[in-house]
Each structure stands twice: as structure tokens, then as C-alpha cells.
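Read from first to last, the chains carry the letters A, B, C and D; within each, the first residue is number 1.
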Amino acid sequence: MNFNYTQKSIELQQKLTSFIDEHIVPIEQEHLDFQSDSKNLWKRFPKIEELKQKAKEAGLWNLFLPKEYGELSPGLTNLEYAPLAEIMGKKIWISEIFNCSAPDTGNMEVLAKYGNEAQKKEWLTPLLNGEIRSAFLMTEPQVASSDATNIETSIVLEGDEYVINGRKWWSSGGLDSLCKVAIVMGKTDVSKPRHLQQSMVLVPMNSKGLKILRPLTVFGFLDSPEGHAEIVLENVRVPKENIIFGEGKGFEIAQGRLGPGRIHHCMRLVGMAQYALELMCQRTLERETFGKKFYEYSSIRQEIAKAQCNIEQARLLTLSAADKMDKFGNKEAKDIIAMIKIVAPNMAQKVIDSAMQILGGKGVSQDTYLAHYFAIARMLRLADGPDEVHMYQLGKSCIQKYSNL
Amino acid sequence: MNFNYTQKSIELQQKLTSFIDEHIVPIEQEHLDFQSDSKNLWKRFPKIEELKQKAKEAGLWNLFLPKEYGELSPGLTNLEYAPLAEIMGKKIWISEIFNCSAPDTGNMEVLAKYGNEAQKKEWLTPLLNGEIRSAFLMTEPQVASSDATNIETSIVLEGDEYVINGRKWWSSGGLDSLCKVAIVMGKTDVSKPRHLQQSMVLVPMNSKGLKILRPLTVFGFLDSPEGHAEIVLENVRVPKENIIFGEGKGFEIAQGRLGPGRIHHCMRLVGMAQYALELMCQRTLERETFGKKFYEYSSIRQEIAKAQCNIEQARLLTLSAADKMDKFGNKEAKDIIAMIKIVAPNMAQKVIDSAMQILGGKGVSQDTYLAHYFAIARMLRLADGPDEVHMYQLGKSCIQKYSNL
Amino acid sequence: MNFNYTQKSIELQQKLTSFIDEHIVPIEQEHLDFQSDSKNLWKRFPKIEELKQKAKEAGLWNLFLPKEYGELSPGLTNLEYAPLAEIMGKKIWISEIFNCSAPDTGNMEVLAKYGNEAQKKEWLTPLLNGEIRSAFLMTEPQVASSDATNIETSIVLEGDEYVINGRKWWSSGGLDSLCKVAIVMGKTDVSKPRHLQQSMVLVPMNSKGLKILRPLTVFGFLDSPEGHAEIVLENVRVPKENIIFGEGKGFEIAQGRLGPGRIHHCMRLVGMAQYALELMCQRTLERETFGKKFYEYSSIRQEIAKAQCNIEQARLLTLSAADKMDKFGNKEAKDIIAMIKIVAPNMAQKVIDSAMQILGGKGVSQDTYLAHYFAIARMLRLADGPDEVHMYQLGKSCIQKYSNL
Amino acid sequence: MNFNYTQKSIELQQKLTSFIDEHIVPIEQEHLDFQSDSKNLWKRFPKIEELKQKAKEAGLWNLFLPKEYGELSPGLTNLEYAPLAEIMGKKIWISEIFNCSAPDTGNMEVLAKYGNEAQKKEWLTPLLNGEIRSAFLMTEPQVASSDATNIETSIVLEGDEYVINGRKWWSSGGLDSLCKVAIVMGKTDVSKPRHLQQSMVLVPMNSKGLKILRPLTVFGFLDSPEGHAEIVLENVRVPKENIIFGEGKGFEIAQGRLGPGRIHHCMRLVGMAQYALELMCQRTLERETFGKKFYEYSSIRQEIAKAQCNIEQARLLTLSAADKMDKFGNKEAKDIIAMIKIVAPNMAQKVIDSAMQILGGKGVSQDTYLAHYFAIARMLRLADGPDEVHMYQLGKSCIQKYSNL
């Protein structure tokens, strides 16, 4: 047992931090202003492409991608990637610069692991190169999608084509002008056992019958330029080769996809909370009321102390989960993955809320990333499974472990 | 002691509810769609004016206005008004229909209580008629405005005019096209004792030198069409007659303004929480996971039970505060007013958060009012004094009461 | 609606307070010392009987007893009794002085309402006179007794006698030397519908076959001299006349018993929390750390402010429940009774915990009543139904109310 | 970074667990019965001495003692000792069997590190051998002892003797019949700078003038046979050689003593919480209400899931603190030590409270260790510094770290 980062990890952290200090910090205010100006809705921040190029050149590219899949990545373990994801999480918009954004990361892993050569060539390569982006169409408005067996979208083989009908929402990234392909989860055969009915198919975003109904808001955020799309699929036809890994494999792929993806989210959430902590610490020096600086108030120190305790605990739990996944695989690590899914977004929501309180009006406005991070953290208590589902399963697993159930 | 509403109060509640059922419920979806369409930014919902007219005819007008000030109102006590504010709070956008919106209500009370005849004629009358709206310019970006003595805007008498310089933000309603006048808090004489330096002046929104810099967002919401403005005042000149109640009276007026205004906010927050409770109850019937309807889950019932307990307690506390204000005045009621300021927004934030969790993605999106209400509740933990300031003062008062401090 | 106590209520509160100031405050330290000396285990505090006599003479006797049952009481409504119960709750050991202790109060109500004349003469009269005390034998160690249908004790008619077999625990008061009779809940006929199987019988404590196995501790408290008994009933025989209200009426009686009893508990809990609040306020003046008096710390003021908010809300909720019970009966008031059952003990536990933290070592020791009150509050989150059962039922009821379930 | 225990650590854990399974589990009920029988007050459990002998023979002795001090110990690092402390924490009474009980462990470390040869020979050797026990007299009833500069006990040199006067309380272990010596903290010179006034002297428990006034209770528990003593020191005289490390070194020694001691406490708290978790898991299989087994209730699973998340996080945080202390020393680790001081007892209190709720009446009674563990956890939120003091300092340190304060 050893709680120090390895030399390799420390060096990568420093490299990433230097890149950010040199190339990103100087234009951060520019980005904040761009984002909060409604004239720029659905436009991509102009400097992103040039920064992507620089990151690629610096070897800070596809950092998330495990060794076994990637020549285009440094081939990090989850444990090595985790602190980098945390650093990117502090400035959430920059993940894309390093080609480490959701849902692309998960989609690339799916294609790398389950895709055939043709699929890889057509979609994985441009994704790995950062030339296109992608969407993941799973959640549906009409059913509780936290139980994946509820999904109703149908994928029916007719001749050489799959015909897809259904309605999806919360398809994050679906509104991005670079988004060219979606992985769609649906049911190919409802007569099969519950966990063998689902399949995933690749659907180009410009397919006939695929219609973006509207962007959804998270609190009031549209999350431009990616957005969260509500999409209708009406008799969308794709070649039968677009099935991923075969019919009935949808549930299995989904399970495999969620583990590492969640580690990424959780480390980013740790980074967002860390951002909030640093902001509130700085604020305590700037303001005073009733003749005292904020930092002199014991109640403010308590908020900060609690935040630090909670961040550090969530960080350790997530790193421990990463280590377990690396060593024993996602299945063996399922309980601790459930734990971080429960802990990280709740922790981040609480810490950011505290920071908002100390920053006052500034904290809820567009003048910091706090309000946006709050919305992300809140959303992540629901996205790929609400807290309650994870607690339901973790509780059961725990009872089994300590009893003879 | 008696916990039943009076007959008069019940009748008014029924009348208001009937009006809403008849005139507002049928167009609610239309309003939700209007609001969430970015094309309509800064536009007023077209049917508002006609609904205001209907409400006026029905005698549901200026409900907030106490007997002593108002011919144009039913002249209710705080205790009588409270359940009506709760009802309006369930559909927050409709307060304006009954001319009961902040910050107009507080501004009308200030003018009714402290304004001279000319001020009343010019500004109070059109406000009471719902012909114009108004803003309250107090909070400043550079200082912790929760301590009103920090305020830096200067109001300097030069000849027959006051010259105003300063920067204000969170001027709610300031972007509304109907907003014609602002009450501005600033300092007329920094050589006076701390609580006698402040004054309030009336400043027409079209004054030269008054510039709206930008709308602020609250968790991504612009709160169109009212908005929250950041405003700069550069050598703005108003006639010296525009001073309200005399120089050095700013702090006193502010104190008087906050009490009842907060009762209004708190009852609206109770209404918003009640809306969230009803929504989540209904949702439990619609959804199922893992073979069980939501309402069968004990954890979901717990959330609902806790929400109900917290709503009912906050409701009683706010009603009790209203009763105390009616009987003994704002000063005598200051401790219980501090209590509701602490309790109501925190309660509402928690209940709405629970509802979001049960509604899932729908709960954070534009498809219900939940996310917007969350933002309002969160903001109200800061607006006219953060939780911490109220706890600081209430704690001190409590210690004095039970000891010999 | 009116939040002021009536003149009658205020007078009674003053009378009770005067009695306490005159007769009880001077001997409080003596009682605290008596209680915490292990030599006095199971001994009754010697001055109790003389104080009972004084209270009876002062008309402060059987205050809990509703008008319809009592000549030996002032005949108060629940709403009138509530503030008196709160006052007694601040010094929990004194309830007995006014013949207002659990479980006697509930037992007297059962006998007054459901007992026949012979039962009343034999047991109710001496209870009303404070000559004897009583126990209520419901909870069983082997089953989850929060679901009363789980109870296993058998009550079998054999000739002219009922033969009782079973094991009970948490029979509060069972170890008191004055405890002469128990009301025992058991099943007379398991072939009946679930809620008609139970009956209640009167069992003298000196019955052959009734054996007190041991006193139970609550945290480390034995709660001498009353105690919480674990009792075995082995072929205990009582005349068939000892059945209360008839066979199969046990569940119905239990339901009727719980409502008002809980109001008593809840108001006492409000009193205990109020005691804790006052203690912590006083403490803030006595202590200092790092150069500051405790009352100057904003974090301490926050604890006090939150405590006050929570106490006042729970007080209002309990008073509102009392009012509802008086006006509409226990059945109609069941939801708000569930609410106070959930709210009051949790509130008291939290407030007392805060007070302990401010009092430090003294707060957990025998030098104040805090630790004992904490244990009582904690126990009351379980006694006659854990929080979870009330939330389960309240949640269901709420869902039914706001949906079409 | 690596989250697996080392082979050495795993072997020690297995060895300790085997010892417990073989020698302690079979007599656990006997111990529980012995403890809860008031006849045995202040008696030592008869089998302790024989178990100590067995543990010594098995090499499971003085496990806490670092390599540099101990021949009589396996010489473990904090990180290696931590999981053993957790295992002992699950059955708190057994720490003494392995000579790992507070306050002896801290006292032995003080003597090993700061004692001279004569002091070591007279007191450290028998302590290391488990022949005697010891007390640590620091806290005083009259002042807030969390600020050590408040301490008032005087230690005055008169000729060849120190004369000690003062009153101490919460001297844990002071009532144990084996307790032969106390380390007393007091002031030797109030004219020195604030942190150089304090000194520590060794005082035999049978010194003339040292009088145990009474045992203190913790939530009703006397914690026999060790107890928590209130002690008066009246002109107690000890040879001047009894000073530890020299006059004015008291504060420095205290600082050094607290770090590792707290790691021990925190790991024991993790163990206590783990015990509670396992107990509640088992309980969910035994009980049913309203036709469902406890483990089927989603609310119960949530409690268990949350408990597991919180335990695992506190465990990792404490292990990380141990690692930091081993590598960089107590001073460098002060922030993370403050974190575990805040986190561990609060976590344990919460988890044990949840377990009590699921176990019902049994959970608060003497039938499990839960209530006792609750009292310990609650007490540890106060002992050597309340939560608030640690948050005050941690908050300050955090602000300094992320700002230029």
C-alpha cells in the first residue's frame, strides 16, 4: 500500500499542468465570455481546433485510452489517467482539447473493444484523431431508463438493413456540428431473456429519419456547443453491418462501457470540487463583513474544512476504484465503482454549493464556472443511473457479503 | 391558538384558485413553451396584460398591499396574504398577473410608506395600476453587500440635483421593457454614523448615465423577461426631490422593506416546494424499475414523507411570523423573520432537489418548473442577506435571550 | 388562525412554572446527585411523594386527562396540555410529580375509554390518584414489533381464565416498586383477520408466572427507578374479566392509545431540546478558546440559530397536530401525527447533540441531563414505531392525496 | 500508488484474526454478560490476564509500538499497524489483550521518546510488559481544554520536589485497579511564552494528595473497569526527576503524542463502524415487517450502501494519513491528521446510529456493543480537541494553501 503517485504519473501531471498554464490559462476569460454570450449559441469556441493540434503534438492526446487499444495514446492505466482527468475537470471545457470528452471516450472504447475492422476504420479512426465527435443514444423519455431492460426503441432487421424506431433524449453532444455518428441502444428481439434483447447499432447523424427535436436544458444551461439532444428515430435504416458485436450484445457492451467512463466522470467531479474549494479559499481574503475578513469566521473555515475532507475522501475512493479496475477488472470492482458513482457527484454538488454560498451572487452567475459545474454534478446524480439505483445494488451486494443471503 | 384559516382567508384562497384553474391552467403549457424558446428572449409573454386586466376585475389585485396603504387592494394582513402568496408560488410566473411580483411589491410599500405625494403620484400610482414595473438597486459587485454599510455608490448633492455614481448588480427586473424606475441605495454622507450614511433616491431607468451592462444568469437562467441586470451609474443626475424620506434614511427604509418582502418570498418558496411535492407524488405512479412501481419503494416514500414534514413546518413557521408581524410589528418579529429567511429557501432547495431526483432527466430540463424553482430557491439563500448573516444575528439574539449577555 | 396561546393556557403555564420554581428548582441538584449515584439504583427519589401531594393540592394533577374522562383533572384539550408537557419535558423526571408520566398516562386513557367499571375501580382509580404505577407490555424481542401483527404472545381462554404465554421487553416502568399492573397485548385468536387477532388483558405484576428477567439499558442508562424490563410470561393466569373491551379489540385500542400519547412525547421532546438550547446559550458565555469567547464564533451562533429554527418548527407542528386532534379526532389527524413522530425525536436528537458538542465533556457526563435526554430522544425514534414505519405510511398517504393512487 | 496491503500486513491481519477466532470469539458472550452485570462494576474481566499472556506468546504484543522504540514489539509502521487497529476496533475491549489500549499506548510512546533511563526503567518497562496501566491527566473541568494554553494546574518546584495543584477530569483508565502512574500536564512557569509554560510530570497514582473524586459517565456508561476519573491534586509532591524531557516541554510532547494516537483511535472507529455495518446486514435477514424482509426495503439498502461508502472513505483517508506520517512525519501530515480527526468519529457515529435504527430496541440495549460504540464515537468528537477546533485549524491551513494569506 502506497499513497504516492508514481514518477510517471507525476511527470504526466506536470506536463499537462504546464500545457494548461501556457496555452489555456491566458485565454480562459475569453472562453468564459464567449460561452456566456448568447450570440455564440451552438458555435464552437474558435481556438479549440488549434489547441487540439498543440495537445496532439505535445503527446497529450487520447490520455484516457488504455494501452491495449491505442497507438494514438500514451497507454495509461486507469490509475495513471485518474489524476489527469482530475486536472482536466478543474476546467471542464478543456477535455476536448485532449480528446478526452464524454461521450466520445466511452464510444471510442466500445468501438476499440467490440467494433469490427470496418467499423473501426470508418468511425474509430476519425474519433481517435479528433476529426469528428459522436453521441450515445440510450435514455428514453417514456421509461425509467435506469433499468436498461425498460428501453423501448426497436431495431428490426429487414433484409440487409436494420430499421430503427424510437425516441431518445439526453443524447449529450448530439447538437455539436462535429457530431457525425451515434451509437444507438435498442431492442432487437423482445422474445429473448431480459438481458439479451438489447443491441447497439452505429447510426450516422445525417441518416434519413433521424431528427433532432430540441436541445434540452440542464437547469438553464444549453451546454452549447455540444448540447443535450432529444432525438426521434423514424424508420431510420442502416446497413446490417452497423450492428456492434452482434445482436443481443447491447446489455453486455453497456456494462463494459460504464465502468471506466464513470471513473472519468468521478475524477472530473473531484477536479470540479477542487476548483470550487480553491475559489472559495481565495474569496475569503477578498471580502469582509461586520468588520471581519471572511477567513476569520469559524463558520467559513468549517465549510472549507468539510469540503477538503470530502474531496480528499472521494479522491482516494476513486483512485482506489481505478486501482481495483486495473488489477481485477470491472466486474470484480463493481462495488467500489458503485460507491464512487454515489459519492463523487453528491460530494461535488455539496462542495460547489458551499462555494456558491461564499461567493454570493457571483457564484451563481456566469462569472465563474461554479453554476455550470453544479448543474453537471447534479445531472451526474442521474446520468447513467440515479444514486438510488446504485445504492439499491450496492446495499444488496453488501448484505450478501456479510450474511448468508 | 388556532390553526385553521379564517373564513375570509379560505374564501380568498378559493377565489384565487378558481381564477387560476379557469384562466391560467389552460395556457400553462403554452407559457412553458414560450419561456423555453430562445427566440422569445426578453419578450413578455403576450397574454400577461389581458390576464392582469382579468385579475384586476376579479378583485385579485395588489393582494400584498396592507389596508393602510391601499384602496386598490383588498387590504389583507400578512397572515391573510400568506396562503395566497403560497398559491401564487406554485406557478411563480403568475405573481405579476395579480401585481404581486418582487421587487415591485417592496418598492410599492416603500413609496406608500415613505414617499411624498409627488413621488406617489408619479411612480406609485402607475405601479399600483400595473402600468409600469420597477427595480431595486442595492447590491454591488465590489463589496459584500450583505453588510449594507459596505455599499459604495455615492449620491452627492450638487445644486438642485443628486449626482449618482456606482455599480450595481442583481437588479432584478431591470431588463423588463416595462421597468421605468429604480430605487437606488447609496451613500450621501460618509462622515455620518455608520447607519445614517445611506439614502435612497428614485432614478428613472432612462436617465442619462444609467447603463445596463449585461444580464446576469442564475444557473444558466436569464429569467427573461425581467432579468437580473448589472448596471453602471455614471454621473446620473436626478432632481433633489427624488430622495425618499430624506437623506440618511436609507438604512431605516431598507430595514422596513425587508420584513414583509421576505414573508412574500417565503410563502412563495413554500408554494414552490409544494409544487415539487405534488409533482413527485404523481411521478411515483408513472414510473417503474426492476419490476416495481416507484411508489412501492420505501426510499421514495421516505423522500416524500420528509418533504411533507419539512414543507408543513416551514409553512407553519412562516404563518406564525406573519401573525407576529401583524400583531407586534416587524421589529418585535425580527427573530422569527430571521428564522423563516433561513428555513424557507433551504427547505425549498432540498425538496426540489428530491423531486428532481425522482423525475430524473425531466426534472432538470425545461419540461417542468423544477429546475427554475431550484435556481430561485438557491438564489434566495443569498438575496437580501445570505443564510450565514441571518444565523449570525439570530444566534446572537438567542444567546442574549437565554443568558445575561 | 392565531398563534397566541389562550389566556387559560398562559395562566396554566405560569402556574406550573411557579410551582417548579418554588418546589423543584431548589432540589434539582439533589435529584441529579441522587440519580447518578449507583448506590441509589432502583430506589425512588425520596421527595417525590411529598411533591406529588403538593402538586395535587395545587390542582396541577392529571393535566393530560381530557375533560370527558376526568374529574380528577383540569380537563384540558390536547392544545392546552401541549405547552405544559413541554415545560415538564425540560425537567423530564418531574412528570411523575404531576401524574403525567408515560406509560401511565396512556394506560389511564385506555382504562378510562375502554375499561369496564370493575376495571376502573380496581386499577384506574389508584392510577389517577398516583398511588400505583403501571406497565404496557407490547414489544417482543423475537419479532419486529413495529408491525403489531407480528406479535406472538398468546392469550388463551381456559375456563374462566386467560392463560398468557410470551416474552416482552422494553416494558418501561416495569421495575418501579410502585408498578402494580400491566396491560398485556397478545393474540387471542390467530384464525381471525390480521387486525382482529389481538387483545389486551390486565395482568397484576405479582401474578404467578410473570417474571422480570432483567433491566434493559438505553445506551448505558438503566432509567432507575422505572427501568425498562424484559419480562417472561409463563402460564400466567388472570380472570377472564381482565380482558379490556373484549377479545379482538387489541389493535383498535392500540391505535387509539398512540395518538395523544405521542403528542405528549413530542411536546416533552420539544421541552428537552429547549433545555439543551438554553444550556448551550449559557455555555457560550462561560468558555473561551484562542482568545475568543464562544459566543463570538460564527459557527457556534450557527448551531444555536439552527437549533432554534428546528425547535420552533417542531413546536408549531406539534401544536398544530394537537389542534387537529382536538377538532377532528385522531383518525383525521393521522398524517400530522405521523409527521410529529418523525420530526420531534430527530429534531431533539440533533439539538441535544449540538449542545453536547458545545458543552464538551460535561455534556456527555452525569453533570447535566443532556446525555440522558439524548438517550430518550434516540429511543423515541424507535419506540412505538421507528421513523421508517411512519415515513412509509405518511409517504403512501401523501402519494394518495396528490395522485389518483 | 497502490491500494493493496503488503504481504507482511496481510499475514499479520490473518494472524490476529486467527487469534481472535480461536481465543476470543468463544468467550465473547461471556464478556458481554460480565460487562453488563452491575455486580461486576470496577472488576476486571477475569480472563484478561490469561489472554494477554497468550497474545504475548503469539507475538501479538505492543503492535502499536514503532520499530525505533521497541524490542518488545513487531516494530510496525503506522500503515502496517492501521488494519490491525481496525480489527481490534471491531471488539473494542480486546485492545488491552494485545497491550494496545489507550491511554497506555500514547503514554508508552511519550516515555519511549522523551523519558530518561530511570523513568523508562521504572514505568515504561512494566507498561510494555502489560503489568501496570497508566493515565493521562490533561483536561480540566474549569477551562476549555481544547486550547491547551488554558490549562491551570500548577507544577511548582520547591527544593527537590515538584508540588502539583489542580483538578483534572476525563482521566480515562484512572479507575482501573492496575493503573499505577499518571502523566500530568500543568504549568511550571506562567511568565514564559504561551507554548513554553507547560510541563509534564510523572505522578504515581498512590501519591499523597491525589484523590479520585468520582467516575464520570459517558451516556450512562461508566466504562468499567477503566473508567473516566475526576481527580483532584492537592499539594501532591513528586521528586524533581519526575519531570519528562524538562520544564517547558509539555506542549511539545503533547503535540508529538497526539498524531499517532489519533491514527489508532481512527482505525478503531473504522473497525467499530464496520462492526455496525456487519450487524445491520445480518439483521436485514432476520426481520420482516408488512410482509417484506428488511433486506427488500430500498430504504434499508440505502442506509447500508451509504454506510459502506462512508466507512471505505474514512478507511482510505486514515490509511493515507498513516502513510504520510510514516514517510514525512507528523508535522508534514498535520492537515490529513486533522481530516481523520474530523471524519472518523462523525462517520462512526452516523453509521452506528443507522445500525441502531435497523436493530431497533436491541440496538440501544446491552445486547450488542452498538450503544457503547456510539458513546465512544460521540466522546471522540470531543476528546483531544472537538471537531470545531480541528476544522478551525484545517480551514485556516487550506486557505493559506490556496491563497496568499
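Just so we're on the same page, a residue touches a chain if its C-beta (ideal position, glycine included) is under 8 Å from a C-beta of that chain, and two chains touch if they have at least 3 such contacts.
Owing to the predicted nature of the structure, the values given are computational and were not obtained by experimental measurement.
Each of A-C and B-C has its own count of C-beta contacts, and the greater count is at B-C. When chain centres are set by their Cα atoms, the one at the greatest distance from subunit D is B. Mean C-alpha position of subunit A lies 37 Å from that of subunit B.
Annotation: 43 Å between the Cα-based centres of subunit B and subunit C.
Spacing of subunit A relative to subunit C, judged by their CA centroids, is 52 angstrom. Listed for subunit B are residues 297-302, 388, 391-392, each touching two or more other chains. By the touch rule above, subunit B contacts subunit D in their complex via residues 297-302. Of all residues in subunit D, those touching subunit A in their complex are 1-6, 9, 79, 277-278, 281-282, 284-285, 295, 298, 300-306, 308-309, 312-314, 316-317, 319-320, 323-324, 327, 335-336, 338-339, 342-343, 388, 390-392, 394-396, 398-399, 401-405. Subunit A contributes residues 36, 38, 41, 139, 141, 143-147, 150, 169-170, 216-222, 287-290, 294, 297, 299-300, 353, 356-357, 360-366, 371-372, 374-375, 378-379, 381-382, 386-389, 391-392 to its touches with subunit B in the complex.
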